Amino acid sequence: MTNFFADIPQLSYQGADSDSDFAFRHYNPDEVVLGRRMEDHLRFAVCYWHNFAWPGNDPFGGQTFQRPWFGDTMEHAKRKADVAFDMFRILNAPYFCFHDADMRPEGANFAENTRNLEEMTDYFAAKMEAGGPKLLWGTANLFSHRRYMAGAATNPDPDIFAFSAATVKTCMDATQRLNGENYVLWGGREGYETLLNTDLSKELDHMGRFLSMVVDYKHKIGFKGAILIEPKPQEPTKHQYDYDVATVFGFLQRFGLEKEVKLNIEQGHAILAGHSFEHEIALAASLGIFGSIDMNRNDYQSGWDTDQFPNNTPEVAMAYYEILRAGGFTTGGTNFDAKLRRQSLDPQDLILAHAGAMDVCARGLKAAAAMLEDGKLEAARAARYAGWDKPEAQAMLHSDLDRIAGDVLSQNINPNPRSGRQERLENLVNRYL
Amino acid sequence: MTNFFADIPQLSYQGADSDSDFAFRHYNPDEVVLGRRMEDHLRFAVCYWHNFAWPGNDPFGGQTFQRPWFGDTMEHAKRKADVAFDMFRILNAPYFCFHDADMRPEGANFAENTRNLEEMTDYFAAKMEAGGPKLLWGTANLFSHRRYMAGAATNPDPDIFAFSAATVKTCMDATQRLNGENYVLWGGREGYETLLNTDLSKELDHMGRFLSMVVDYKHKIGFKGAILIEPKPQEPTKHQYDYDVATVFGFLQRFGLEKEVKLNIEQGHAILAGHSFEHEIALAASLGIFGSIDMNRNDYQSGWDTDQFPNNTPEVAMAYYEILRAGGFTTGGTNFDAKLRRQSLDPQDLILAHAGAMDVCARGLKAAAAMLEDGKLEAARAARYAGWDKPEAQAMLHSDLDRIAGDVLSQNINPNPRSGRQERLENLVNRYL
Amino acid sequence: MTNFFADIPQLSYQGADSDSDFAFRHYNPDEVVLGRRMEDHLRFAVCYWHNFAWPGNDPFGGQTFQRPWFGDTMEHAKRKADVAFDMFRILNAPYFCFHDADMRPEGANFAENTRNLEEMTDYFAAKMEAGGPKLLWGTANLFSHRRYMAGAATNPDPDIFAFSAATVKTCMDATQRLNGENYVLWGGREGYETLLNTDLSKELDHMGRFLSMVVDYKHKIGFKGAILIEPKPQEPTKHQYDYDVATVFGFLQRFGLEKEVKLNIEQGHAILAGHSFEHEIALAASLGIFGSIDMNRNDYQSGWDTDQFPNNTPEVAMAYYEILRAGGFTTGGTNFDAKLRRQSLDPQDLILAHAGAMDVCARGLKAAAAMLEDGKLEAARAARYAGWDKPEAQAMLHSDLDRIAGDVLSQNINPNPRSGRQERLENLVNRYL
Amino acid sequence: MTNFFADIPQLSYQGADSDSDFAFRHYNPDEVVLGRRMEDHLRFAVCYWHNFAWPGNDPFGGQTFQRPWFGDTMEHAKRKADVAFDMFRILNAPYFCFHDADMRPEGANFAENTRNLEEMTDYFAAKMEAGGPKLLWGTANLFSHRRYMAGAATNPDPDIFAFSAATVKTCMDATQRLNGENYVLWGGREGYETLLNTDLSKELDHMGRFLSMVVDYKHKIGFKGAILIEPKPQEPTKHQYDYDVATVFGFLQRFGLEKEVKLNIEQGHAILAGHSFEHEIALAASLGIFGSIDMNRNDYQSGWDTDQFPNNTPEVAMAYYEILRAGGFTTGGTNFDAKLRRQSLDPQDLILAHAGAMDVCARGLKAAAAMLEDGKLEAARAARYAGWDKPEAQAMLHSDLDRIAGDVLSQNINPNPRSGRQERLENLVNRYL
């Protein structure tokens, strides 16, 4: 145990009336909700990147965090891992997530990167066997290093495609070695800054090939987890190919991968694409490609990705409602791809940010479960579409324009609209919150 | 000839130095650009709706326009048509576009709507034969009447689906009768106001069936034009299913319609979806579904659809550049789905708005053509991706992760990035403008 | 009593566990919060416009509501008033608000408008004396009629300025006659569509004069209420002069009116201007110009004013927290300038929308009060700035750059940043929600 | 001369038909426009920060530029200055701008910062005397170092206020030593991340005091230039106090500084605040606080500050039109606070970006001048407001509501609206472009 979090106790459930900052008020892992332990519903994961590798910089300012593990050596990387696993323990987190670039120092070339990654993977494995959390997903960071500035799979330079593909292979290997339950791809630079220098067709084709190779490799090595794509419309690039759920669905179909790949949906990215979080979840579920979530919000008054911890229970409840309606998580979970505000300098801030977020999620989940269990909302929804259950409606749906026009004419079909009852349903939702 | 546009002369090309307001300074129909007459490149269409049916209202104010043809009778509809064809003639417009609801009075039921539409179609046909413009596209207005408030194809009520399908049939018939070159669907209410009352899966399925029936009917009646979908992300609904080009592509694939349906892309809608106009055109072209454009802009400081006439030549040039790169229009064209500002009360405003827009488009087209002809921009683009022309790059692209990782290791592939040269290319573009 | 709301009972507080749709779960008028009855804290007002005059149209569709009182006669206006006062009674609303154009038919000229307004004012007065609610504020609609299309006070035509000024006079008279507690100005068309035809300086000067006359007239007639401006950045116009709180403050100072005029702040307008609701309230309070609120939200994914009923308790709580910190309402109150979704056709929808909104506000108020009473948040805020309480800090603040530079040098002042503790405070807030 | 720009010739005007990349096509310093040399109109400045100090990082990626002068020593700082003055010469730039943090290495404390700044100021002075450009403005970077993470003048810690004030003093000294024509304050961290930990009133008061001290110090040292504030609504902070022109005007009035301080307006910041660039310029001019511009654009599809070089001539023309209407620059000028895209790695990119921007500005200026000279647009504007020139209109404007209401009644004033002619005016503008 390091002494970074000295004096911070391991968190436990103490109920809503607890006066302690370092406690869960709502997250009670063993509480059963809809027949499943809360921990098994929520499947919380703590991310390695924002918590342990980000120095606190923003576009107008440099490092604010001063962490004892900041540095470029394997020693630093191990010290960082020690602190990270301390934090996982304090939070009682069942899962974590990583990018290769967070866990190992950058080497001089691919060989050195791979050696560093393998050594750190072993180091992680030992900690996990010693009682650490499980791995929700691993991924390769194909966007921070300057070689990726014009993309990885979509780079104009085939050597960079190659470097990226090789790197993904090593990260999939590491993920499997650590029994990861998913492997994620976030194409942060797969997009463009200007159409003027971009061959859109070529880049999309290359991206399709890249993903196909990832899927093939998964099968080759017998990786049992899911391959997930995380959509985001823009930032860092002006346009990102994995814009949103609908866009990725079209891309997957085009390359015949819609049965092979699912989505990791982040609230902040949904907002940047002009959607609500629950929309993106519901759409993915409807299309059969829902996988996992990154439960971190954006600020509604900021036009960039703020990656903040969730704090609005009603919003979170609507997200879990769509997840529960879709049957809950299978391989996926609730990852906090969230970062502290850069002014939150203290070790305590790291712990409290997660504790608060976990409580907000627990409250949201319980509200969503109650709403689903009561069934009033689903009953109202079903009633609204009940007309379609009639055989003649189904027959009409499977006929043709000529026939329908004839029927409308002969039966003088002249329908009146019915209230959509939005406010009534919004009131209903508020009963559970 | 009506006397609404009395004293306004028919417009003709008079060159950039003309001092007349009622002249084309840049649009010269017979001028040959890249081997094609300018008129045949641009294929301008004037829309019926905004010009002749919109009363000038907005969410905070009522009618501002006082047109002699406003009214609900067939007499009014014919008077409106008379003025419209006057305007087409004054503008020398080769095409026009219509919604059923613009050209005929609303009837008490489907039968009456159909009779009104048929009578007006005959009235139009006579005018077209007498030297009027051709029909670029027809469409059904399935969003203004209160019956459509919760959607047409995606309505919870099957009777409204039926009414919509029957109406589309009559509009396709009218379009064919008038030798329309395309038939458009804009799903202005195909979406939702709140997820709480929405069955996303059912609605998307119904929308797929609806579109399939449209395609079947096209083949049944031997309509030779293209079926076009016009994407828009939102407004009037909070979420619209035809969000953007990528979304519609996914939808078309899902229902096996990606070879049957193309897109009508509007600049304003591109902007609302977070894209540039040229992005949407380039993407549609890359996916093989580019059809036609609505050349009307939004205001960048307003978050709703302002449907203004184009006035920024550099923007317009980039749109035509992507169209020319894709081979130019086939059945499609340049429709002005644009409306006057509601303060622009005078008949002259209607004419001048179009004249200015046509000139801006002509300048944009000529700049785009020059840029394409010179070839410097395409040469720079090709050079950036030249690495992919090598056989070893193509071999790599079609290999697998294992093989690539081996090669990166054995050859110590360690690529350096190259400048993307964005500013240099932007300067280059400005040479043609 | 009309029969429009037949079968809808008068609402009363029944507690959170009530199973009735037509009840308050949280709004308990007589419950004492921070020493004041809840009704006196919240001072709810129902607006006349959206509820009784709006036909349900939007930019892409026409009327959806079919109300028996729709029509242009005084008979219709009185029938409308009858229903409105029924609704006020059902909701137990202590206040209402009106625009002249909602309550009287549009006449052929100013004289007729005035007569209609006076007759309806008498009609209202009788109802109010018979036990109806009080008037929170009145206002003139200077944006719907086509004469106002280019502004009222800022119109290029002095006759329209005159018509507007005369109309405001009659509305101030009506407001005083009805013992209104405030008079509001919303400059929906005071702005521009294009700078090209706008004389910014002249328009701002005229607007300043107009407001000065309003203030003078208030004093002349001895109106005891507050004059309020409602900021909004845009929509209907591209740019609106009363952009946001800070802009209006600058305007008021320029014309020497910052002690005479306060603000009516709407959440939706705050969002359109890029602010949170609580920001606008806190800023107005800090500048001494906080007056009243319009408690209606926008949709975060829509770029226009959706004027929806509030439904997110945490958001509402933060607004009331700033209001309570500022001492609570004096003449102001909580107006719902909210409208039903246009699909919400039923009389019940009107009642339920308000009932839900009032409950959300009550929950928000109670949470805010608890948070303020506990004092933890204010204690943390004070501690953060405690350094400024020291005499040497105050001395420094009132010295000069030279002196300060000397001190920094001589004392080698080299400060270290301290954590801003944002997440900890967000957790704290969630304890009260 | 360094060899960083080896092989890049000094740029000169070669006319629109030049085929060289390294030439001005439109910027001809000695060409006379509206009686003034183009150089004296535009007063171009090259900024030190983005060009020489920014490493190419963004929120998702690190350094891309590899410049020989990157490093923390005075040697590096001088090498950087050598290259910078080379670039100024190549571009024939009449002005440059700097932040202290760009030109000197960060020291261990204020004393060391000051020594470094003074030494570099001397180094700059020598270069300027040897034929380098003049200084348009200097400024202090009070946002990058971690000490400023919670603001400078508005920091909760008085020691940081002190450090900031002392630093500004040294930067004003340096600016005066270098004969700077303005001194700029950009409050990048003067704002908040969360209202929860913010004392808005205190922070605004401290900011007012800070600015007053700056103004006092200006007078004390006899600095002849203007003090300028650069508004920006957000980024890096969630809310920035200097939101936009109108907000800063209100702030200046509150502290009695509206005659002492002017504004430096950036296009990108205007856009982030929901305004057009020309709006912000026109408003500042109307309020008497227009000072200078940062001519760098944002991408309309990105919600953050992209600081790109201008490339759309029509946009730029409208900005210069408002500047010319206001009488042109006095102490201000056209600063490019613009940065290369991070993929633009080559020395050539730095030169070409500026060359293209200068040409776009020259074209914009010439179009604006022609438009102003022809006078058609101003004549149309004046005609629209001509009614206000009449004595009775002025009398009405200076009367009162009672009197006006009487006149409207007695004269039956019942005005009809007139066309705003927006499209006609937009066409007119396009004649000059």
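The chains carry the letters A, B, C and D, assigned in the order they are written, with residues numbered from 1 in each.
Keep in mind that, in the parts below, a residue touches a chain if its C-beta (ideal position, glycine included) is under 8 Å from a C-beta of that chain, and two chains touch if they have at least 3 such contacts.
Going by UniProt, the chains are A, B, C, D = Xylose isomerase.
Just so you know, these numbers come straight off a predicted model, no measurement behind them.
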A-C or B-C - the one linked by more C-beta pairs in contact: A-C
Subunit A and subunit C: spacing of chain centres that average the CA atoms, whole Å: 38
Multi-chain contact residues (two or more partners), subunit C: 64, 146, 149-150, 193-194, 234, 239, 272, 274-276, 301, 341, 343, 417-418, 420-422, 426, 429
Pairwise touch network: line, ring, star, complete, or other: complete
Touching residues on subunit B, where the partner in the complex is subunit D: 21, 25, 64, 271, 274-276, 300-301, 309, 311-315, 340-341, 343-346, 348-349, 352-353, 355-356, 359-360, 417-424, 426-427, 429-431, 433
Residue numbers on subunit A that touch subunit D, as the complex places them: 56-64, 143-146, 148-150, 188-189, 193-194, 234-236, 238-239, 272, 299, 301-305, 341-343
Complex interface listing, subunit D residues touching subunit C: 109-111, 114, 146-147, 149-150, 156-163, 165-166, 168-170, 172, 193-202, 204, 206, 209, 213-214, 216-217, 220, 233-234, 239, 243-244, 246-247, 249-251, 253-254, 272-276, 278-279, 282-283, 286-287, 318, 322, 377, 380-381, 384-385, 387-388, 390, 392-393, 396-402, 404-405, 407-409, 412-418, 420-422, 425-426, 429
